[in-house]
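Letters A, B, C and D mark the chains as written, and numbering starts fresh at 1 in each.
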Amino acid sequence: MAKGKVCLAYSGGLDTSCILRWLMEEGYEVVCFLANVGQEEDWAAVEAKALKIGAVKMVIEDLQKEFVEDLCFRAVQCNAIYEGRYLLGTSLARPVIARAQMKVAIQEGCDFVSHGCTGKGNDQVRFELAFLTIQPSIKIIAPWRDPKFFDRFQGRNDLLDYAEKTGLPVTSTKAKPWSMDANLAHISYEAGVLEDPDHTPDDDMWLMTDDPVKAPNEPEDVNVYFEKGVPTKVKTLKDGKEYTDSVELFTLLNKIGKLHGIGRVDIVENRFIGLKSRGCYESPAMTVLRWAHLDLEGLVMDAQVRSLRDQFVTHKWSEFLYNGMYFSPEREFVENSLVFAQKRVNGMVRLRLYKGNVFVLGRSSETEKLYSEEEASMDSLDNFSPEDTTGFIGICSIRLKKYGLQKIEEGGLAGSK
Amino acid sequence: MAKGKVCLAYSGGLDTSCILRWLMEEGYEVVCFLANVGQEEDWAAVEAKALKIGAVKMVIEDLQKEFVEDLCFRAVQCNAIYEGRYLLGTSLARPVIARAQMKVAIQEGCDFVSHGCTGKGNDQVRFELAFLTIQPSIKIIAPWRDPKFFDRFQGRNDLLDYAEKTGLPVTSTKAKPWSMDANLAHISYEAGVLEDPDHTPDDDMWLMTDDPVKAPNEPEDVNVYFEKGVPTKVKTLKDGKEYTDSVELFTLLNKIGKLHGIGRVDIVENRFIGLKSRGCYESPAMTVLRWAHLDLEGLVMDAQVRSLRDQFVTHKWSEFLYNGMYFSPEREFVENSLVFAQKRVNGMVRLRLYKGNVFVLGRSSETEKLYSEEEASMDSLDNFSPEDTTGFIGICSIRLKKYGLQKIEEGGLAGSK
Amino acid sequence: MAKGKVCLAYSGGLDTSCILRWLMEEGYEVVCFLANVGQEEDWAAVEAKALKIGAVKMVIEDLQKEFVEDLCFRAVQCNAIYEGRYLLGTSLARPVIARAQMKVAIQEGCDFVSHGCTGKGNDQVRFELAFLTIQPSIKIIAPWRDPKFFDRFQGRNDLLDYAEKTGLPVTSTKAKPWSMDANLAHISYEAGVLEDPDHTPDDDMWLMTDDPVKAPNEPEDVNVYFEKGVPTKVKTLKDGKEYTDSVELFTLLNKIGKLHGIGRVDIVENRFIGLKSRGCYESPAMTVLRWAHLDLEGLVMDAQVRSLRDQFVTHKWSEFLYNGMYFSPEREFVENSLVFAQKRVNGMVRLRLYKGNVFVLGRSSETEKLYSEEEASMDSLDNFSPEDTTGFIGICSIRLKKYGLQKIEEGGLAGSK
Amino acid sequence: MAKGKVCLAYSGGLDTSCILRWLMEEGYEVVCFLANVGQEEDWAAVEAKALKIGAVKMVIEDLQKEFVEDLCFRAVQCNAIYEGRYLLGTSLARPVIARAQMKVAIQEGCDFVSHGCTGKGNDQVRFELAFLTIQPSIKIIAPWRDPKFFDRFQGRNDLLDYAEKTGLPVTSTKAKPWSMDANLAHISYEAGVLEDPDHTPDDDMWLMTDDPVKAPNEPEDVNVYFEKGVPTKVKTLKDGKEYTDSVELFTLLNKIGKLHGIGRVDIVENRFIGLKSRGCYESPAMTVLRWAHLDLEGLVMDAQVRSLRDQFVTHKWSEFLYNGMYFSPEREFVENSLVFAQKRVNGMVRLRLYKGNVFVLGRSSETEKLYSEEEASMDSLDNFSPEDTTGFIGICSIRLKKYGLQKIEEGGLAGSK
């Protein structure tokens, strides 16, 4: 009799194929799960492989729509960014995958969930915190942190041997000199040769963006429309087409962004567990949308709300997502603020894409009126008393003059170096 | 006998020439002051004009070095940015100019300072708060907020008439359809036709950067070196030259950045006084340096210090500078933190400039060791116990499981939408 | 014909009686408004006086309920406090008063609103920003900032003379050597002899609290119940009575708090306009409720949400209220977060009041389960793996060890002074 | 031959006596360490006991001065407080103890350090993160997290049996129904009967403060003097004595505070590891000093610096200390800001202690001049233009009016509920 039933996150690759077989050896029944978050995959082949190896079931779910709408668009509303540069592609996908896997685990009556994440990365934390929060009674099998597994399989060769010995249908392709994670939001590259932070990635590594140097010499213009901070329409200027379906417009921007080499980032970042690691990322659609959204906010958002949102919500939401804290009271707390602050982010932005650049050509809103040409105008004094500014400066200076006097008393001017 | 002596910020243009003459008419003696913060100017001509109009003295000071070292490099250390995009070029120049003008005012025994800033902008606030803090007893004459002045001179034509009538040596050039402010850090463009936020600027507006579309097809590589977060050397790869003088390396990056079309920004921003306004900016050197610095911090800075610094120091320092609060206890307070946090920001970044882009090719540090290839490596378990992560996740989940149970009790999973 | 109609905040005192008459002299029709926010007042006498002086109408509105529910209870939910000590009594009353006055102004067709606030205080800012936000087209007459008024009435004696001369029915009582503002939330004392920050207030100044030294020798116990952070019931233990009406329970706590000398504060604070001022405040009910609420949150609120709420929401909401920014997008923004974070603040706190102290005797919640005796117990290891903590510490130390090594490299231990 | 040498934190109590013996059984040589941070102890007896049990050495160090000066006074400068109420007494002691123990470990050539902390508490984290940061190569033995130990000793009886069996000189006193930790800053009580958060502690639990109800009927006045935010002198008014030595003045305030029942707190708090726990604390001197310091800051500190300090430094420093992050780059980072912000916190505060209360009678500073009676005065217009406030309000309202118009457009007033 089986030890119990495991829901395994199964990709069809060498690692999770071996894990599947190993779990069976260990006496578990295994239900395999694979999420479609926009990566390229031969879904039928993965399913066939899982069943051939011995899974009692293989569940594949298309999560693209909820990934784009619940996570990617939320990140756009937030201008989410980690450590000033990373658009969080992997972090955004984890919650929808974990949620779907956990639902399958519950439906299939699994006592355990399992995954192939390594023991030093962020993803194990993201998945497991999600699993445990969604279903606090679930038990987790993390082979790469279990000495029974990692002592036995100390490298790729051990896995290949195991695969051969146990008849796993693994294509013996040469491993890439880095590891990848792909979804609609991005492809990430890390490990291997990238572990040297001064090693420039090879040109052929990047798959989701063309080389900006080889991108078209002609710029391409698109208009992006937002309602409450959510992208609702993209219009391509060269052909006048409009795209309003969430996945469709996101995919379109990935396609155009790829063509123009948009969204490459190469950084050293701080993992949640305290290690620094080097990652390369390419996120065409997210880059375009974030830039457009950021621009529109300038036109339509109150200054003070924006400043508070930037300081607290953007910073914290991004950090929570990166650290695997999506299913947490704190993420829910800041996201509530986020959504509230987007009520008036309505309008459109005209963009020009060109060899890695996203240029803003202009922006407008039919409904929002915080910006007023007349009021902004240096030439008009309608509805404005310049004397007010004198009073404003006078009041602002009360406190500052005290500071100036302190400085003079200390033997210098406030201004001296 | 004169009403008193005024130190006037004098640029040689139509506005301040009229103000100079008007102040004289009003009974003041006027000392003119002009700061060289890297803008292009015929300094001798300005001096001649001031004296011809009737200034008792014209003082011109070269502030480039202190501008770059005290302000621009501080901004680089801070990754300073306003509302996600503006690199603060004008805001950075104001403190050094105000400080120098105030010193002249004191040396020359002036009771008043004056300037030609308009009544709706940020600069009047920046200058006057600086003046009043440095010398709390100073009195300010702001003609564009004085009805005696602005009721009389209601537009450019009134000024031109006045110039003609009073024999001011003003070249009757056609005014540009926008206004500009130039210094080493940037050129800003605003007002006029730019007041329509959906009007794309003309190609010929931009002066400090070439059009990215017309930039060289060949990328150019430079290495930027930092000590304690301050740029100390730039090396150009094509000729192997090294630049270590602060102004020289800054100027060099402006030159190379110009060539490759680096650093254009077009935004709607929130002015301190509560109005929204549209501004276009180009900051080649600042863009390159900020990007390089941001990258190096990934390699060498502690994660928690960085997160705190981003949230509090970067945000607040930028806001203070924008709002004219350079000479303030709060700027001094956050700058103290800023400098402290940069002690270990030592190393170099290899950059590639290409048609508007600054790509990072790699980074390294001879002295800093927070990044460790071996530790970051997914393949190595030396000095790392994967079981620790299990415990870490277990502890992190204690609180989250409670949240999950709350959600279940509320009739759903934490993960349900 | 009148210059227009003014809605004047009229208290019946010397200042606003003179202002009422002066406005009439200046050619305005005046509608008087007085809010009942719980202060002691002979309402009929005030009305009679206003009409006698010449107001075309006197409107008195009882705002106690909305003051308690919309403002005071919100402050309780927020643990609102300014500069670590002031419970914001005056700041909380201003929004409801301004809102009601503005409604009257609109209903009565007034073009102007007026008030008797002085030119250096916070209240003028609070009232006028509220007026201008609620009705941007309203015009404001602030006599104490109008030279026509303040040059003429340079002190109390000028006002008394004016009252006598114009037949104002002012009782010529001796002014107190300080000024007061009273409402349900507190009485504030400032100005006069209190301007010396080292002058201890006279015992007989305090009106809303008895001297703690003379308070009963017997403590008194009350239980306070909360739903979603809002006080919903107070039970007095000595007689077992329960109070559930908002104003009634608030008034009760003021009464009991008075008896036990609860809620006196004496501080030097920073006014919005940059001046420091000394204020004495007594807030019995607010002190009791804030303390109870703070305690309950410990039992029922998630740690991370609480920390974020403390840092951002509590701090900012308090600051916004103090600075007169109640009617602002930023207050609305943080209040949305505030309310969201209170969803689970359900339970009761047992308090003991004694000579100035509010002691917590215990707390409980029938619905909330974040606290678990068994889990908290040091003696039980059910559902807890002590080894997890080893892993947790191991992971937390990864980053810290790097720091320790830096310190050793710098020639010392992390721990050395 | 021994497995190695262990430096054990040894208190002389049952737990650590058993641990000492157990470590010896396990084959270790043990050096015992005990810190004097002001707790009452028979030091000679502890030493004798350790040596009798078999420690190769017992080191006792008096850390009172560095505890008070490096930690407690820093906390006073910071107004440090955790979750609104806890003054961090235990958290403050841990760093000085860990630092001293680690120095002994290094001097004695120990490969290991050990302690008797339980597996669910904060102290294990605080000690071990400190050990690992100070000496990253140290190895830790935590018996209460080691199944070999905790499976064998499942309760107090097992320890008593073991002590009897192995001849440990343990006095068989009845255990208190709670656990305590005492040092100069406080005594904490937790666990046992206190685990019921609605159980009011017995009157005889509190040892460091007398019952406020039984405290003297006569208040007692003391003056506290600060330089750069650090307490430098305490003067007792009844006898005119002055205390300037750090430990002496701290001890004095503990003594007077005890007499007047000052500093009791009873809370449910959030432990770092995610559990909620109930703690009772009494901190007489810390309560008096914190209150005095907070008051002085009102008089002498710039408003904006204070607000930033409150929001970021006070909050974060307190959290870092609580979570055992004293030896960390982030604590060093915020402490640098803290010290910087205290440069002008010079002056004295007059306090009255009475039955649990600390009343402020007044405050003054000979050197600091931010507060000005004349400027604060509502009666004086010297150096103040009331018209400036009109301008100030006008400018502040620009943005708010836009918000008001939005609200009207949405079908209501900004002020409507």
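A few points about this structure:
As a convention for this text, a contact is a pair of C-beta atoms (placed from the backbone, for glycine too) under 8 Å apart; a residue touches a chain by one contact, two chains touch by 3 or more.
This one's a predicted model, so the numbers in the text were calculated from it and none came from an experiment.
Chains making contact with chain C as well as with chain D: A, B. Common partners of chain B and chain C, by the touch rule above, are A, D. C-beta contact counts were set side by side for B-D and A-B; A-B has more.
Centroid to centroid, with C-alpha atoms defining each point, chain A and chain D lie 40 Å apart.
Computed from the mean C-alpha positions, the centre of chain B lies at a distance of 43 Å from the centre of chain D. Centre-to-centre separation between chain A and chain B, using Cα means, comes to 30 Å. For chain D, residues that reach two or more other chains under the stated contact definition are 273-275, 302-304, 312, 328-329, 370, 375, 387, 389-390, 392, 395-400, 403, 405. Within the complex, the chain C residues that touch chain B are 302-304, 344, 369-370, 375, 385, 387-392, 394-396, 398-399, 402-403, 405-406. Across the interface of their complex, chain D is touched by residues 66, 70, 79, 83-85, 95, 98-99, 102-103, 118-121, 124-125, 128-130, 132-136, 142, 144-145, 147, 150, 155, 179, 190-191, 195-200, 212-213, 217, 219, 264, 266-270, 273-278, 294-295, 298-299, 303, 306-307, 310-312, 315, 319, 325, 327-329, 350, 354-357, 359-364, 370-373, 375-379, 381, 384, 386-387, 389-390, 392-393, 396-397, 400-401, 403-405, 413-417 of chain C. Every residue of chain D that touches chain B in the complex is listed here, in rising order: 273-275, 302, 304-305, 308-309, 312, 316, 328-330, 333-334, 336-337, 340-341, 395-400.
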